[in-house]
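Below: the structure, in structure tokens.
Letters are used for the chains, namely A, B, C and D, taken in the order the chains are written, and counting of residues starts over at 1 for each.
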Amino acid sequence: MSRIAVVVFPGSNCELDVQWALRAIGAEAEMVWHRETDLSGFDGVVLPGGFAHGDYLRTGAIARFSPVMSAVTAMAEAGRPVVGICNGFQILCEAHLLPGALIANRDLRFICRPVEVEIVDTATVLTASVEPGAVLTLPLNSYEGQHTDPSGTARVVARYVEDVNGSQDRAAAIANEAGNVVGIMPHPERSSEDVLGSSDGRLLLESLVAATERIPA
Amino acid sequence: MTTDLAPEEDALTESGDTGGEDEDTLHRRLGLTDAEYQRIVEILGREPRPAELAMYSVMWSEHCSYKSSRVHLGRFPTEAPWVVVGPGENAGVIDLGDGWLAAFRIESHNHPSYVEPYQGAATGVGGILRDVFTMGARPIALWDQIRFGPLDNPKNRYLFSGVVSGIAGYGNAVGVPTVGGEIAFEECYSGNPLVNVMCLGILRRDQLVLGTAGKPGNVAMLLGAATGRDGIGGASILASASFDEESATKRPSVQVGDPFEEKKLIEACLELYQKDLVVGVQDLGAAGLSCAAAEPAARAGVGMELDLDTVHVREPQMTAPELLMSESQERMMAFVEPSKVDDVLAVAAKWEIAASVVGRVTDGSRLVVRHQGEVVADIPAASLTEEAPRYDRPLGEPAWMEDLWSNRFKHMTAPEIGPTLLRLLDDPSIASAAWVYEQYDHMLFLNTIVGPGNDGNLLRIKGTEKAIAVSTDGNGRLCYLDPRRGAARIVYEAALNVAMTGARPRAVVDNLNFGNPEKPEVMWQFRETVEGISEACESLGIPIVGGNVSFYNETDGLDIYPTPVVGLVGVADPYPKHPPRLDRARAGMDLWLAGPVDATDLAGSSFEKVVYGHVGGRPRAADGTAARAAIDLAVALVSEELSPCLHDVSDGGLAVAVAEIAIASGVGVTFEYADWRHLFSEDPHRFVFVADPAHRGRIEELGAACRATLTRIGEVGGEAIVFTRGTRTDAVDLDEATTTYRRALPRRLS
Amino acid sequence: MKVTVHIERRPEIADPEGTTISRSLVDLGYDEVVSVRTGRTLHLEVEGDDADAVKERVDEMCQRLLANPVIEDYRIEVEA
Amino acid sequence: MKVTVHIERRPEIADPEGTTISRSLVDLGYDEVVSVRTGRTLHLEVEGDDADAVKERVDEMCQRLLANPVIEDYRIEVEA
């Protein structure tokens, strides 16, 4: 069974939700405190949503220096799945594991509602089980959700069907070149059961779990 | 810009020495009356020292002592077999079965939100969270009830958007979802907005913690943020006096919330409880350290020694009174057995929060405070709490009630149905609140199975079959017209909202927002309200387990409408797997009305207020028997999965209730009525629901079994909201209704 | 005309963000850092050629919208 | 020693806050406002007496933590 680390920074708050949703599809998901330095024994890692270090200075800026981040970088370099959701996405950008940065939503308001995203790249650890072109309903929950990438190198994995926050290229999720590091702004774990209104996010989490199983530990 | 300290603060900043200061002036400036001062002298057998006077002034303030309300609050029914903790602790606690408990409380932050809307609302959220996790519970949801003056005034827009951002900014970042609430706009809130917030947490029975100091020998530890000069003479004094433009400039130092610190504090405290490292916990809110020392000592019947030199501070050179009165946020006091201090420090270090030992529980009953080697206070702990003054203030029915009641609006002609409906849908108090709740994280923790935009909310407890339902309701206009009837009606409305999620009502917390208690009219409104809430709760068999009183909501002598707000908690076990929601009506379904179809009473209705600007007449009283029948029927319909969508008839009456179903579900509705007044009456305890025609038989059986009146009034389908009466038809295009309803707030705010 | 508005939180008002930044700098090894306070700047491009008049208008904007006098102080700088 | 760090968003990067403020000012009747850009300041209190050495250290702090070079520029000012 694949074993996924869910990193907890001071101020993270979606870690229990990610763990719940991953366990519901049969993965082993364990919390790892940000002061840990060792991720051996894990097949993949998720940086969950929340407000690491209060989002002070810039979202993700302080979290990037947490001791655990060297191990996360090592995982990324080893080709293992590394997924950042919402605040986790912001941290991956600050850590330069993904290009660009996330700035305040165009309308300067926090947005919490389900949005539609189109999966445009299925060659990543988060989207491999999804049909290309599939449109998924996933809850967005962010203030700094507008992705901007002056380098223009971001590989867009999912696009908002409507321009909800001003993201460049309507990017809702982006990946590194190898497709093993993915940042996604909407929350797959929040749409992982019908009783929550949608189970579309499950497809993404299943892709992640499958990807961790493909890679020899 | 210079610092604008309140005058009382100047007096206390100049160290312990009040030389040259007239003592008499000082106590008055601190909000104590001469008689109260005399009482202090009697208790102590001497003149109080400055630090002592500071402590009495905050603890005996209206906000902390409930001195004007206490004699009336005793009227509340507070008992039921499932009550674990009733009023008196930081939050009420009820039993949900199988070892699960729910802790909840509601509180106001009205004046601070007027002074600084973002921080005022944010720190209101922080404060109510602490009341709940103090009990050992993990806070799982928040609800906000906010009221402002009309949005055509820029100041009100500024206050409204600032408050919403503050609730979002704090609630989202601290990681507790805000899953529902209420917004209302009335002229009377222009100079005095109301910002109430309710919080609910869950815990296992063995994790319950009380605000007690425990045994002599225990150590008092202060956890969390450093202490600064925040809000000195703030929440407590601010909330205990009337407001005018002048006091807005004499405001005390504004408190700034730090949701990040609070998040760490929540996690650290929950770990302390889980490891059984604390005997008791008390949050530091209004009255800060004074309250956090006095209350737990008084509850446990012990004494306490505090050493102010060990308090970690943000600003240098704070005086003893300042340290004792500071309302710095995100602090908790824990009472710990000496052998466990190191373990507590280790947990605090792990979560990166500061912790220090600041005192010791002693034999006897005195609270002794030292600062820089000197005793600055030595007083009986209970004299700050139990011996606080109580006033049975004079009360009398306002002379204006007779006029109000006889001032019934005479409707000369029937209104045009379509335009009237659109007008109501465009009213900010009725229109979609999505502009507000989409700024709040309302999904965190994956519990929210009926979220904002519906009547009640339903939160599952993961890993169980249980769900907790909550509805918060208030209606100032109705309570102004008749406080007793109005207050009873909001309790019934909340109970029905909870029932429509499939849950049984279990307990209530209340927030009583009133004007100046020194006016007999206001005290009469208060007493009537307490009666109304009590009667309704008794009729429903549910207790009141906690609440809050906010007086002095007046500006320049004008009192707000009496505005009680209730938060009603229910339990569904098992919870519905296809929970009913407003957006689940489908073409081909029947539209039903539970309760009388021929309601004509319009007194206090949105129809009269919004369409004619009229507020008058005496609203109808609720009928307990009919209310219980409606509740039974709603619970039965949901638990048998007969209806996917139910909605109560409240603001805007039947026409708006039906339109809201159509708008949420994106499908038209056609229905019949006999008299136009039936469309806009807000007669209590009625609801509409939709159901598959195949269920007609069973639904009628249930109606009969519950003794509820039931009428099939129409059907779902088409692209318009169509009203028919005989051969007459009025139709409102669904798209137009939808746009009006959804754009009402955004268009006024951008 | 270019105008810069410097907005600072009044000194007695808590600045949790500054505190957090200061703590992380120390964590990163910069233990010479004693404290950090945060502020905001607004760079306005304003039409007009009378510096005094422009400054007066911007002052009004600050009082009405840009700064929150309850917790903030501000300072206006008009560039040549 | 008092050090001020001015952090500005690079001109090619969107500044939703600046845009919103500018729009509200015009709405309020200040139609002389052409544009607004927002920036941040950090006021550091740092131990040390050699201004150049302090500045160098703060520069390092900026590069590592205080500014994000992908979207921001910064400027350091050491006060006497």
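By our rule, a residue touches a chain if its C-beta (ideal position, glycine included) is under 8 Å from a C-beta of that chain, and two chains touch if they have at least 3 such contacts.
On a predicted model such as this, the values are computed, not experimentally measured, just so you know.
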item	value
Which of A-B and A-D has more C-beta contact pairs	A-B
Distance between chain centroids, defined by C-alpha means - chain A, chain D (Å)	29
Chain A-chain C separation of Cα centroids, rounded to whole Å	34
Junction residues of chain C - those touching two or more other chains	16, 20-21, 24, 28
In chain A, residues with contacts to at least two other chains	53-54, 56-57, 62, 65
Residue numbers of chain B (touch at least two other chains)	258, 260-261
Overall pattern in which the protein chains touch one another (line/ring/star/complete/other)	other
Complex contact set, residues of chain A against chain C	53-54, 56-57, 62, 65
Chain A residues within the chain D interface of the complex	57-58, 61-62, 65, 93-94, 99-101, 103-108, 146, 148, 150-151, 166
Interfacial residue positions of chain B with respect to chain A in the complex	168, 172-175, 258-261, 263-264, 350-352, 434, 437-446, 448-449, 460, 462, 577, 579
Contact footprint of chain C on chain B as seen in their complex	1, 3, 115-116, 119, 225, 228-230, 251, 253-258, 260-261, 314-315, 328-329
Residue ranges of chain D touching chain A (in the complex, touch as defined)	10, 12-14, 16-17, 20, 64-66, 68, 70-71
